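Look for chain A in each of the two complexes below; its partner is chain B in the first and chain C in the second.
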Partner chain A sequence: MAASKSNALNWFLHRITGTFLIFMLITHFWVQHYDHQVASVTHEVVTEKGQMPEYPEAAKEGVKARFGPDAEVTPYQVVMQRLADPVYAVLWKGFNILFLIVALHHGFYGLNNVMTDYIRNPMGRLVARSLSWTVALGLFIIGLYSVITAGW
Partner chain B sequence: MAVDTQDRPTATASESSTTARQESRFQRYRVRTGMFAWLMHRLTGVGLVVYLIIHIWGLTSLTDPETFNALIAKYHSPIFKVGEFALLVAVAYHAMNGLRIVLIDFLGWSPKQKRLFVTLGAVTAIIILVGGWPSIYSLGEWIFGPGSMPSLFL
Partner chain C sequence: MNLNVEIKRYNPEEDEEPHWESYEVPADPLDSALSLLLHVKWHEDGTLSFRKSCAHGICGSDAMQINGENKLACSVLVQDIADGEGDTVTFAPLPSAPVIKDLVIDQSRFFEKYRDVKPWLITDGPAPEREREQSPEEHAMIEEASKCIMCGACTHACPSTWADPDYLGPAAMLKAYRYTFDTRDDGAEERLDVVDSPDGLWKCYTIFNCNEACPKDIDITRWLSALKRRAATSQASTNA
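Up next, the complex of A and B:
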């Protein structure tokens, strides 16, 4: 009870989640932008409407190896490679759920710190806190749904 | 009456008696390195929360391949490439300044904080250059034509 009243536990958690986020973000960034086989974002600017980004050879081979030689190499299919293997699917979904929880806690706890600094009225603080954590919970449910159902 | 002295120029001298209290009040808010670091941490933090909300919301498109492809294609437009770079700058700054706070709070590195600040500043610059290269590269290729940018570590 004392911990929750002084918010010391959350203060401590904020630093722990922050440290975790550094490592998780490096992984996330590498997979989304640097890995030539599974990165869904390429080093290319697309300006034409309806045009899709061009993927590296490694990505094309990966998609065709998974989904057959006629498979289209679209952003969706590039992402789906990682989820096609059931073992990796579970690992990636687990990683992303953990990532989601850690990022939301860190972000919304930080946001609450900022809001408490500028909102002086106790009632205003309560409203801001309840509202922001409701948004966080909503995002958690939405995110969880996206992660779990991806590739179904 | 304003008296010009060596350590107090005319302009300040004439106002000093009336603004003395205000001056001391503003003194606390004088933006120094630590204050600037804190302010930027706060601004990037709020910005990243806004991005997190948009990002999680955008990923609901994963349930439909067509929508997801359209979204990713949009992320390759020039304005999003600039945004991508700005996002990396915010993340790199927030992460490294956060690491600085953790090292000072948990490992008691406050005696070394000058060196820590400089080192992490250099690391942040490297992260922004190496990590931001894909965005800079793609924008350069678009503006100056294919093959005009060195691919470096891509």
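Up next, the complex of A and C:
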């Protein structure tokens, strides 16, 4: 860890997490919102249930009304099955946990920069930084719990 | 042609707040913006205050906000800030600095930050008998940064400075770069101690306003990024 007065390490990580976020966000959006064919769920899991999970008709109609007749959605069950899949679950849980860490660090380092731009009192800065990283830690614990328990 | 010149005036002995005053000024497209101010001072209102010295873009005295952008008044032509007859050209002091009078700002804070980064050659050993040698390649690393005339246009164009007046700002940190990357200098660690601080390098968010404002077209953000990498590498090796 860098010396406390230096922000060199956090600045370096901000660059790294920013680069990671570009690829992770694209992957996340594609897999979570467009991969309705469940390419990332093994055949056994799908056939175990007998058929592909579906959104209720009303939800599908709503999506088609907004995005056109060819629009398709990724059902919630598909996301959950992916996280329960015997082959892919570890991959996607690992991906989501890494995504969570990267996004939280990137976002909260940025937030800290904004706060210390406007809070010039050293004690005020310390309080603001402590509070924000505490919130980040809380969100990390909630996210970690959600990802680990989902589907298992 | 005649231009409508609007100047943000402020006399602390008379005014509670700054206010705008307008003047009709005859101008040639090839006049400098500074000549508009000189016309006002010489022919309209002798109480107008602004800094100028060499009037050739060397001394850096007449940096101010012209049409909302930080520029050197002597280095901007009328044809670049006005399209034709009756156009309005505005002059205001550099933003975020305390105003002494009219377009004259208090630069003491700016130069305090400058001195903080130790902008002089620091050497360990005894002085050589002849000059301290440097290859053209070594000099090329600091040549552009050496062109800085300390006009303050960059620092006062920086949103980080607007938000936090304690922020060292691009001008001072460019000086830190210029000496830290000077191969004849041995004071890198001392300077990095200053710039690698909560009000230093890490508040540069690569907004590029400094590059836009620099009248010498110095790629300030590029050199500050090099200084950041040096500071991060230095931290990493210190903690290794």
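One rule holds for everything that comes next: the second predicted complex is superposed on the first by the 108 of 152 C-alpha atoms of A that agree within 3 Å, B and C clash if a C-alpha of one lies under 4 Å from a C-alpha of the other, contacts with A are read in each partner's own complex, and residues count from 1 in each chain.
Assume contacts are C-beta pairs under 8 Å (C-beta built on N, C-alpha and C of every residue); 3 or more make two chains touch, one makes a residue touch a chain.
These numbers come from a predicted model, not from an experiment.
Contacts of A:T116 after superposition on the shared chain: chain C is touched, whereas chain B is not. In the superposition on chain A, A:L9 contacts chain C only, with no contact to chain B. In the superposition on chain A, contact of A:G107 is made with chain B only, not with chain C. Contacts of A:R125 after superposition: chain C is touched, whereas chain B is not reached. Of the two partner chains, neither chain B nor chain C is touched by A:A65. Once chain A of one complex is fitted onto chain A of the other, the partner contacts of A:V135 are limited to chain B, with no touch recorded for chain C.
In the superposition on chain A, A:I148 makes contact with neither chain B nor chain C. Of the two partners, chain B and chain C, it is B that touches more residues of chain A. Judged by the touch definition given at the top, the superposed model places A:L91 against neither chain B nor chain C.
By the touch criterion given at the top, residues 1-3, 5-12, 113, 116-118, 120, 125 of chain A touch chain C in their complex. Chain contact summary for the complex, chain B toward chain A: residues 42, 45-46, 48-49, 52-53, 56-57, 59-60, 62-63, 65, 68-69, 72-73, 75-78, 81, 84, 91, 95, 98-99, 101-102, 105-106, 131, 134, 137-139, 141-142, 151, 154.
Against chain A, the residues of chain C that register as touching in their complex are 160, 163-164, 166, 196-198, 201-203, 205, 228, 231-232, 234-236, 238-239.
Chain A makes touch with chain B in their complex at residues 15, 18-19, 21-22, 25, 29, 33-34, 40-47, 50-53, 74-77, 79, 100, 103-104, 107-108, 110-111, 114, 135, 139, 142-143, 145-146, 149-150.
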